[in-house]
Amino acid sequence: MSKDSVYQILEAVQSGEVSIADAVTKLKMEPFQDLGFAKVDHHRAIRQGTPEIIYGAGKTPEQIVGIASAMLERGQETVLITRIDRAAADEIGKTHELCYNERGRIGYIGPLPEPDGDGTIVVCTGGTSDIPVAEEAAVTAEALGNRVTRLYDVGVSGVHRLLRNMEPIMTARCIIAVAGMEGALPSVVGGLADSPVIAVPTSVGYGASLGGIAALLSMLNSCASGVSVVNIDNGFGAGYLASMINHLSKKP
Amino acid sequence: MSKDSVYQILEAVQSGEVSIADAVTKLKMEPFQDLGFAKVDHHRAIRQGTPEIIYGAGKTPEQIVGIASAMLERGQETVLITRIDRAAADEIGKTHELCYNERGRIGYIGPLPEPDGDGTIVVCTGGTSDIPVAEEAAVTAEALGNRVTRLYDVGVSGVHRLLRNMEPIMTARCIIAVAGMEGALPSVVGGLADSPVIAVPTSVGYGASLGGIAALLSMLNSCASGVSVVNIDNGFGAGYLASMINHLSKKP
Amino acid sequence: MSKDSVYQILEAVQSGEVSIADAVTKLKMEPFQDLGFAKVDHHRAIRQGTPEIIYGAGKTPEQIVGIASAMLERGQETVLITRIDRAAADEIGKTHELCYNERGRIGYIGPLPEPDGDGTIVVCTGGTSDIPVAEEAAVTAEALGNRVTRLYDVGVSGVHRLLRNMEPIMTARCIIAVAGMEGALPSVVGGLADSPVIAVPTSVGYGASLGGIAALLSMLNSCASGVSVVNIDNGFGAGYLASMINHLSKKP
Amino acid sequence: MSKDSVYQILEAVQSGEVSIADAVTKLKMEPFQDLGFAKVDHHRAIRQGTPEIIYGAGKTPEQIVGIASAMLERGQETVLITRIDRAAADEIGKTHELCYNERGRIGYIGPLPEPDGDGTIVVCTGGTSDIPVAEEAAVTAEALGNRVTRLYDVGVSGVHRLLRNMEPIMTARCIIAVAGMEGALPSVVGGLADSPVIAVPTSVGYGASLGGIAALLSMLNSCASGVSVVNIDNGFGAGYLASMINHLSKKP
Amino acid sequence: MSKDSVYQILEAVQSGEVSIADAVTKLKMEPFQDLGFAKVDHHRAIRQGTPEIIYGAGKTPEQIVGIASAMLERGQETVLITRIDRAAADEIGKTHELCYNERGRIGYIGPLPEPDGDGTIVVCTGGTSDIPVAEEAAVTAEALGNRVTRLYDVGVSGVHRLLRNMEPIMTARCIIAVAGMEGALPSVVGGLADSPVIAVPTSVGYGASLGGIAALLSMLNSCASGVSVVNIDNGFGAGYLASMINHLSKKP
Amino acid sequence: MSKDSVYQILEAVQSGEVSIADAVTKLKMEPFQDLGFAKVDHHRAIRQGTPEIIYGAGKTPEQIVGIASAMLERGQETVLITRIDRAAADEIGKTHELCYNERGRIGYIGPLPEPDGDGTIVVCTGGTSDIPVAEEAAVTAEALGNRVTRLYDVGVSGVHRLLRNMEPIMTARCIIAVAGMEGALPSVVGGLADSPVIAVPTSVGYGASLGGIAALLSMLNSCASGVSVVNIDNGFGAGYLASMINHLSKKP
Amino acid sequence: MSKDSVYQILEAVQSGEVSIADAVTKLKMEPFQDLGFAKVDHHRAIRQGTPEIIYGAGKTPEQIVGIASAMLERGQETVLITRIDRAAADEIGKTHELCYNERGRIGYIGPLPEPDGDGTIVVCTGGTSDIPVAEEAAVTAEALGNRVTRLYDVGVSGVHRLLRNMEPIMTARCIIAVAGMEGALPSVVGGLADSPVIAVPTSVGYGASLGGIAALLSMLNSCASGVSVVNIDNGFGAGYLASMINHLSKKP
Amino acid sequence: MSKDSVYQILEAVQSGEVSIADAVTKLKMEPFQDLGFAKVDHHRAIRQGTPEIIYGAGKTPEQIVGIASAMLERGQETVLITRIDRAAADEIGKTHELCYNERGRIGYIGPLPEPDGDGTIVVCTGGTSDIPVAEEAAVTAEALGNRVTRLYDVGVSGVHRLLRNMEPIMTARCIIAVAGMEGALPSVVGGLADSPVIAVPTSVGYGASLGGIAALLSMLNSCASGVSVVNIDNGFGAGYLASMINHLSKKP
């Protein structure tokens, strides 16, 4: 459709309906709207069924309901909502059927899409306190059409726990490694697996953990190849990127 | 071959050559050597032709020559050497035919493998000073069998330069965005493209760039989805990860 | 009047009323009071109508009302009050007609001055969460006699949004670019426009945003010329400086 | 000229020389080149005589000579070169008449433009060690067509030195305040003057000066209104911004 | 028992019950479970009577009760619970006899083991505000079977207080030195004693104490030999390590 | 008295009551108790009338009352209590006549001592928000027997306010300069006065003030001679040190 | 002389030579030069014999010789030069008799003034590596007319070394405590002595000493009263302040 | 001998040779020298054969030779010298037979003592670049009478390398884990072994390794119990502490 409008302008020029000066003005004023570089719109148009995402932090339940309703009315099937607490979820639940994951503080309205990724995404954590961030990642990935395997509490201070789970790790298409404290899990995982490892530092810990900075630095310095890092506690970002990697074969 | 040794132990047990007690000891002592969890060896064994990599920093030319010679004698076709300066390269060049990239301070002995990746990797930089890190990434990716498109000096303070190069960016399988200073390139690229973006902060800059920390923080906070970050100046790590992503369809 | 007192001392010396020794003492003791270097008073005296400003943080509504009343009684037409929450605004509203902007947590008593600046000030933000800081800047600028154009949510991870708004940006006299997270907006804006860009980092974000430090560093490292930076969340400072720049032709 | 090309495409469409499909491709591929949003080119085209600027750091004298020669051949009258040391300057001086300022490590080829700014720019420093950064700012401003007054060594630990120079400070169109150590000069100047103050922290100092971070933080926290900050040691950036502010009345 | 399972597999191989291929798979899949490298399980099995430890932070009283009950049912004699506040302790106290130390926010269910360490552990603090962390260390050590001497409020700004207590310090098997603020206690103690000194920085203080970072850095820079450091406020870790050192002669 | 005990031991040795071996043990065990190096006790014994000080932070009103009562019963005339809020002060006021300074969150029981210092202490602040810290310093100094002159809100962004108060500054025996934000006051004061200047950074400010770190660094880098710094918000420490300097002539 | 000029203006006004308007202008333009607030000049004029000080860092030997010669010609008796290395000292020694202290990288031309302070200044260090900074402090103090006692290598990790030197510490008028690493010396000294303690952190150390930041933070957090801190390695500043304190009784 | 002097004073008192007043003075002035609290001297006197240690950094070869000669003349058998480079070692080698370890930049004169520790000390490293620090630790431990097992290049990104070496790790009396970059080795080792683990961060790495701070923070946050940390690159400190732990049974 965006192409159409350029076509239309040019046709109007060709037919003499529009003067060249007017066409120049029009092209100059709205190049992007007209030329359609906007990724989001473009690709949403192509990949039907992908859920819209609402970042819930700082929004009232009413605002979230409003945005979600508008999306659903436009024909959106699934709406993913991140960073909402139980109270907000309850409020939203009054008007929409929300599937809410309390640990990950994330929920979605509508059906989960069928997994259509190239393989499986493994989400693993160092400890039990890292699970909320991991759940945000896992549910995000599931809502974006991925099969997810969870391996929680397999941190490096008990490396046998990780080694007992070699099979999913060795066969994953992409691994999300979530850890706070010393943040060493991605290094060990990255040394064992040969898939991309997305490291997610968490703010779990106290004192010299510096709110997750210690884990973040540790991960950035990983000796293992194939490891990259996202922001502290950014489970959503990790899940989104993992899904992108897991759908690469779908890319034209 | 690693499997063989477990087989051999078990066969020896089956045949009575080895007592159960001795077998337990052997299995306990060298479980990993025997069971073959070591990724590197295992996969090197499978994926013939992949170059071995020598991290040149802190090694003398003699040491590098020694390691490279041993690798080549073992049948390795291509040897990639990172972080070597011109003088070391000249020294190595006396005994081996080294293809040396001075800007990226990286070189390789032996032929480049044929590109066999799933698509193209784009390596782009914010400024000209970021090119050394970008070249390290690009040559690494090429040496690992990838087709690479370079887009240098397309930083965000002249965003039209980037927008003039939409085609390679929109069609890349994976994008490496290298930038120092404000480190904003990955955000803009990540907002335009729908491939994974590997952000590489560089230590280019002065004062409040804090040796690349400013760019690093900026990239970790990217609003664009699909962006992850590696260590400052870690061109090699970005090239390796991009290659891994670009070869995912080859994974069994 | 301050000049008068020096005159008076000198006249008294001339006339012999005051001895030279006494005059020296007097001049030494109160040079500034007498010579009138105090900018604020001086210029307030000249530029009638400029609003007085009350920094509301840490003041009770009663204190604010007291100060504002005193100002208005002295003939001040407009009183600008920054950093007040809704409750304080309501309290103040009981005795004065306060025009309160809740998002910017800023308000004013009395009429807005007619815009008398040299051009237009553009206030733009990277995201919607940056709007409170932007509103503080915008209302400050309006209260100081400027025409303000707001461009919100035009962040660099969707650069087409910014490019759709080239006209106000290219014609602005001064641009205030407000952004948290990666803080890249001022660089992109500064690369497009040729007006001074005042960058305002916000404390929006989490984890490695370090309460706005990431955005601050990013902005200080901007590759674009013409960009300078104020403190994190300092919308008032940006609005004040922009107004100063927009009134430069009024300077004698 | 950029407009011409859009005109030409449209005329070619109108005349039937070019098909609509080809026109769409052309417009999509090179929107910015064609539509002329690129500030630098556009404005250079309009404001003839403005010097081109070469950032000398990391460039060899030969590279600088090459770039400068190309610029001069294109008809550029003045070429400003920043961050070059004496040896590089001597080398450049062999082929071009370079006016070199050793303290500011900055020089220019060709005539200085006539000052055409709206007023005077004051460049002041806290100490004598800050002078190199101040000279970079001052020469930049002069090369961009500004009248510059230098007030050096007027730091706050001897505030009388500053107060002796009230006249230029009170009448300046824009003030650049350069200081290391405690970085308090911009606050004092900003409290006295009513022009925009561009604060430049310098890396002068030792220990807790943290390479200029102390001065930078101090300046960002300035209580004085009208103060904004650029990167540590960024004399060029301050000079460029000051010139932009001092030429605002020239803006259409 | 873990050895048994490997034996059993090998015996089954020897007897022909299990094929070599199946044995390889089994060995590969669960090497650690079978080979028994897991320290915790292994050693718990050997050293009967050692208390299990529950890290109470982030757990509800119900969860703690549940875990503790399970442990006790399994035959565990003593259960140590760290980081629980008074309210949680009261809740737990309803169902189990909890010996609660409010200052150290630590408690245990069941009898304290008889001290069986090689010597005495001294726990000393710089000030009274460091006592909560010290108590966490002391109770941990006691629950792990150590005799503990407490020397509180013997900080370096009144060094005579420390010197009055030379006897326990000179005869201790291991010393835990807990201090906030300048964190100098371990240096002075380490200079006097010839036992290992475990330094525990506390988050006590304000301003430039940076939440314990000042004390942490101070301790890491200790000039005294024999000093090592654990995380800020990590009394448990210090108590555990001290106990390990104090039981070294029990190690086979 | 402490001397007595050594005397007594020696006399007992001389008289044969105590064996040399026992005397050695006794001297070795309690050298400091016996030899009386403890400053506090020693000097308190000499300088009768000096108030005892209670650091109120982290103590309940009951604890404070208990400590104060004990002190008063021992004959202490004045008891100074720092860091207590209004509620605690009210509680203490029920049993003792407490003179409470709410802004400084400090109070004392008993009469203020007559000022017996060598001169006057000036306490000045940059802004009104720094006054609480300044009051803590001022009341501490007064309670320790000093005459105090307060000069509040004389910050460097309005340097005339400071210059109007040259007389007390030029004649002070010691100056306490309290400032947050850019922390420049001590530099300006130290450049004008020739008395020791004790700089107290405050945690006033937001964003890049980093909780007072910006002011702290600024003060440590002061170009003015005679300036030294205490911890952020440490009004008590500054008042105590100023009193010590102001009583130096009383030292034997 | 400065007073003279005000007198002269006033006399000229009185005699009618100068009009009142001209006098106002003159007084306004040069208030400080004329009114003589400049501390340095003023007090130098009064306290004859005090050495002038040249900060040698960043100055060539020629520049230093030039400045020193001018000072000596003006009648200055002693010239103190800080931060000069051996080579510069040798160069200066060719034309002037320089008494050079190599460890402290400090020297002076002319005679040392007779000590005229109120008491003795103790300069103590934690280790031998801190001696250069201590010597800078000690020589500065001596050159400003103070008697100095040096106590080197009395750090807290061997507290008996300090306690052996109680006499000078207990009787000092002011103590300079110089220490790197954990920086605990001022706390111990401040707890023993009742004189002002000026703490000087040094950049001695490695790793987590962070170039002296660890010692700096430690000192700022000192529990001992009467301690204040100067910049890292700032021996000169400590010596100057100590001298100021030691000459307070000389102040009118 | 130190005891002797107290005895002698007391005997002189007993015999009437010395008055009680003189004895008090003597005891007060030199309590530590006389009473023998000085640990180093005391224990050196008892444990004959322990090497003296010279910290070579910042000392000239001549100084080192001087100190070592004096030690040897006093009867010291072995002298350990840390932090000396090859050139210094060669210089020392001219006069003494120095056993020099170039990688660890450490050497000793005289024979190595026979190992007399309670068990074995394991020194392991994450990578080959960490070996210099590890050698400093290992040679220190050997020179202090310990049996040392080296396990180098067993970092967590190839965890099988570590697991192949379970035997020495499980049987060590104390483990020194040396690692840079992500610093995760101590966590994995601490999770496997049940001996004290001394973690040594190294400054190996670049960018976000921040000179070893990343590894340091990682180690301080270790989830494994029994881990404590020394300063970055402090191999000596780790070796000394390990030896102390390994000789605890020798303590009376």
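Chains: A, B, C, D, E, F, G and H, in written order; residue numbering restarts at 1 for each.
Everything that follows uses one rule, which is that a contact is a pair of C-beta atoms (placed from the backbone, for glycine too) under 8 Å apart; a residue touches a chain by one contact, two chains touch by 3 or more.
Being a predicted model, the structure only gives us computed values, none of them experimental.
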Quiz prompt | Candidate from B-H, F-G or A-H with the same interface as A-C, over half of contact pairs in common | solution = B-H
Quiz prompt | Contact-richer chain pair [E-G vs F-H] | solution = E-G
Practice problem: Find the geometric centre of each of subunit A and subunit F from their Cα atoms only, then give the gap between the two centres in Å, rounded to an integer. | Solution: 55
Exercise. Just give me the whole-number Å value for how far the CA centre of subunit D lies from that of subunit G.
Key: 39
Quiz item: Residues of subunit D that touch two or more other chains: which are they?
Solution: 31, 37, 39, 158, 163, 166, 191-192, 207-209, 213, 216, 220-221, 231-232
Exercise. Spell out the part of subunit C that touches subunit G in their complex, as residue ranges.
Key: 3, 6-7, 10-11, 13-14, 16, 20, 23-24, 27-28, 31, 35
Quiz item: Mind pulling up the subunit D residues that touch subunit B in the complex?
Solution: 29-33, 37-40, 58, 201, 203, 211-213, 216, 231-234
Exercise. Using the touch definition up top, name the residues of subunit C that touch subunit A in the complex.
Key: 129, 158, 160, 163-164, 166-167, 206-209
Quiz item: In their shared complex, at which residues does subunit H touch subunit E?
Solution: 37, 39, 43, 118-119, 163, 166, 173, 191-196, 198, 216, 220-221, 225-232, 237-238, 240-241, 244-245, 248-249, 251
Quiz item: Taking the complex as given, what residues does subunit F use to touch subunit D?
Solution: 126-127, 155-159, 163, 180-184, 187-188, 190-192, 205, 207-210, 213-215, 217-224
